[in-house]
Amino acid sequence: MRNPQLNEKGDLQHLLNVEGLPREHLVRILDTAASFVGVTERDVKKVPLLRGKSVFNLFFEPSTRTRTTFEIAAKRLSADVINLNISTSSQSKGETLLDTIDNLAAMHADMFVVRHAASGAAHLIARHVAPHHHVINAGDGRHAHPTQGLLDAYTIRHYKSDFSRLSVAIVGDILHSRVARSLIHALNILGTPDVRVIAPQTLLPTGVAQLGVRVFHNMNEGLRDVDVVVMLRLQNERMKGPLLPSAQEFFKCYGLTAEKLALAKPDAIVMHPGPMNRGVEIDSSVADGGQAVILPQVTFGIAVRMAVMSILGGGS
Amino acid sequence: MRNPQLNEKGDLQHLLNVEGLPREHLVRILDTAASFVGVTERDVKKVPLLRGKSVFNLFFEPSTRTRTTFEIAAKRLSADVINLNISTSSQSKGETLLDTIDNLAAMHADMFVVRHAASGAAHLIARHVAPHHHVINAGDGRHAHPTQGLLDAYTIRHYKSDFSRLSVAIVGDILHSRVARSLIHALNILGTPDVRVIAPQTLLPTGVAQLGVRVFHNMNEGLRDVDVVVMLRLQNERMKGPLLPSAQEFFKCYGLTAEKLALAKPDAIVMHPGPMNRGVEIDSSVADGGQAVILPQVTFGIAVRMAVMSILGGGS
Amino acid sequence: MRNPQLNEKGDLQHLLNVEGLPREHLVRILDTAASFVGVTERDVKKVPLLRGKSVFNLFFEPSTRTRTTFEIAAKRLSADVINLNISTSSQSKGETLLDTIDNLAAMHADMFVVRHAASGAAHLIARHVAPHHHVINAGDGRHAHPTQGLLDAYTIRHYKSDFSRLSVAIVGDILHSRVARSLIHALNILGTPDVRVIAPQTLLPTGVAQLGVRVFHNMNEGLRDVDVVVMLRLQNERMKGPLLPSAQEFFKCYGLTAEKLALAKPDAIVMHPGPMNRGVEIDSSVADGGQAVILPQVTFGIAVRMAVMSILGGGS
């Protein structure tokens, strides 16, 4: 079976998942993103690469922040952007998902940015559309969030350069995190020798070790001598759920404090996909401290999304 | 009384209704649309005809799909587009409709695209504004949906050319359909000799025959030898209402199946304004079959809206 | 302490409040606005002053009308505009206001237009951001609405030229009105000798006289020989509240009728920030009469917002 993300010539047609993304495509996205970091710092933050293209933000579940990052990225590439909140739209009128997509495709949409609560929704759409349409997965269920994984990889490369010598720890709710999953795949593809996950047993997926990671339940052990600490967001609904005793308890065991961070390498960086729960998964002194690169992640995130869109759209 | 859609010089100032639209204006819209079909297939799908113009999408009732088509059309003409969902806005603050319009006009709006639950709302606004403002009716109550009627006419002309020899059947909920009404007027203006409506008595408006159509209650009779079959959407609320026994029953009598379609001419085309209820008014085998031109309708719809906007805006 | 609206060189960095705005900055905004009135009347209503800049409309409380005026102003300056309705977004995910701002700043936002129910929210954000970000207060609690105050001042200057000879009466719900507060400061800065407020005791803030205004409870006295009458909107929630007997009663005492307006100078102008409650604070014969300049206020409002944005953004 052909790689669902590539077209017949082996070019990137869709971005659905970091898993299965050939290394050269992943590296090309990071390299292209580097060229856009400069653009976003210019006075006129615009390039005409997608002029006259129509980008549709299809959000079947709301996510203002993610939608905003794609909207900005597309506008800085000079595309026309249409925001569609589909939950309040045709879906409630009894139309099937693929009929909705066919309709938008018939309006000559060039690119669909898809956020959906169901794992595999973006894949389904990608399999369905004609070769001149492009699909970007902006988060599907617990499955994948590839642009987040790529911006995390970009951030690590920016600060640490050589993946072949790195220890990376990912901490928190691995079970429900498409962010963790996409990052682990990116780290594997880039040849990171030591990827660790640190979480209570209840917040780990079964078979997590098959992803090529080392599992820790104790933060003091897991953080020892790592170069990168990635803290995950604890969703509000988990805090009251059966998987955890309480937010306070979680912070005590798995929240990142300055004391725990001291176990990592002195120049370790601290990442977080946002939005942060200060005092739950991360202490404010760390979030605002000198090792945090949480805001640069956001900046790089725009550049990575511009890179993905421009590569898919045929520019760059 | 002057035609409310024309200005003093006889130019098109507003698009409110297909009824009463002089034939030469209707044909000019279709001809102009033809030139835009090419634009939407280009790599850079943009022309500068409305650059610097402000188009306001005023949606007093929600309709993501219709709003999207106008938004895309306006952006491809390089206009600035402002989306206003008025139900959540000033209307609830006690302001009158015409005060709202006066305010937006004072912001130098060039064009209002109006969707409203009340029949005649677009006419009211058009009568009120100054001559340099333009109003497009994007659906008012059960009354009219002229751009839909025009895109249906465009589609029929595209596939069948000569209206003077055509038989067209419109099937389903004629009573509540502004789509049917606008199409019937367009077909009459273009000289279609045989326009049929097929529906149960409960879904026909009183005096429907005065629109110049032949009425059928039986699909097998009504579809015989037609060139065009237009299926209407059955609104969800009708399916449970007092006018119909059930959706299943409706499908049995008035749903379009391959078997029923075989009664039409072999080269008959099948149209539907969308969104479709598969298995209610149309069988999937027909919706996805070779005679369906439902997706081309969507594509032509963008071109027709670009044509209307560019003619009103003084371009083209 | 440095003026929070100015940067180290004394240039305008934020627009937070008319109070404390140095006179030369206020006059420069009005002068710049005058140059944009011409732009909005041109066929192509666009200038490239903010091309490639990103303007974020951050509305923590909904206000379609105000959001629309800033969106139009920004688009006519060729900026990219991102609308964020924050109440439905990260705030509900437990993120702090300043974390939200930091995130958007990291996306290289150039300008934040902030509407918030809490007085001082825009100031808080302005104090927090780096010097290359700009904050415009689009209304914070009962505190300030500086662009409204400026457009009111612009309107008065347009019709009356010389502030040093004017009598201005502001009528109605002064207590809850950020509009009144901003206008009073503007009139003081511009040297208006006679500013009056007319309201029942229950709708006046304590210590109102310290703003340099004369207080009237009787309209017939307060309106005598004024050059400008500014009617305030009576919020719906006040009409049923404990501060007022009824809307009818309010209209009888404080609604502007032709009869009462006759007490003002014959060439007095009538202003209202909108949306109007006809028959509550203003009679229709006055609202639609020859002395009303309510719609020109809207037109000038776009030009004033363009002026503020272009000055902050470094253009003009």
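We just call them A, B and C in the order they show up, numbering each chain from 1.
Simple rule for what comes next: contacts are C-beta pairs under 8 Å (C-beta built on N, C-alpha and C of every residue); 3 or more make two chains touch, one makes a residue touch a chain.
It should be emphasised that the depicted structure is a prediction, and the values quoted were computed from it without experimental measurement.
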Checklist entry - What is the Cα-based rotation angle between copies chain B and chain C, on a 0 to 180° scale and rounded to a multiple of 5? => result 120
Item to check | Proportion of interface numbers common to chain A and chain C (over half same, under half different) | outcome: different
Checklist entry - Just curious, how far off is chain C from chain A if you go by their C-alpha centres, in Å? => result 41
Item to check | Sequence positions of chain C contacting 2 or more other chains | outcome: none
Next on the checklist: For a test of understanding, state which residues of chain A touch chain B in their complex under the given definition.
Outcome noted: 51-54, 80, 82, 84-86, 88-90, 93-96, 99-100, 102-108
Next on the checklist: Considering only the defined contacts, which chain A positions touch chain C in the complex?
Outcome noted: 40-46, 62, 64-65, 68-69, 71-72, 75-76, 236, 274-278, 280, 295-296, 298-299, 301-302
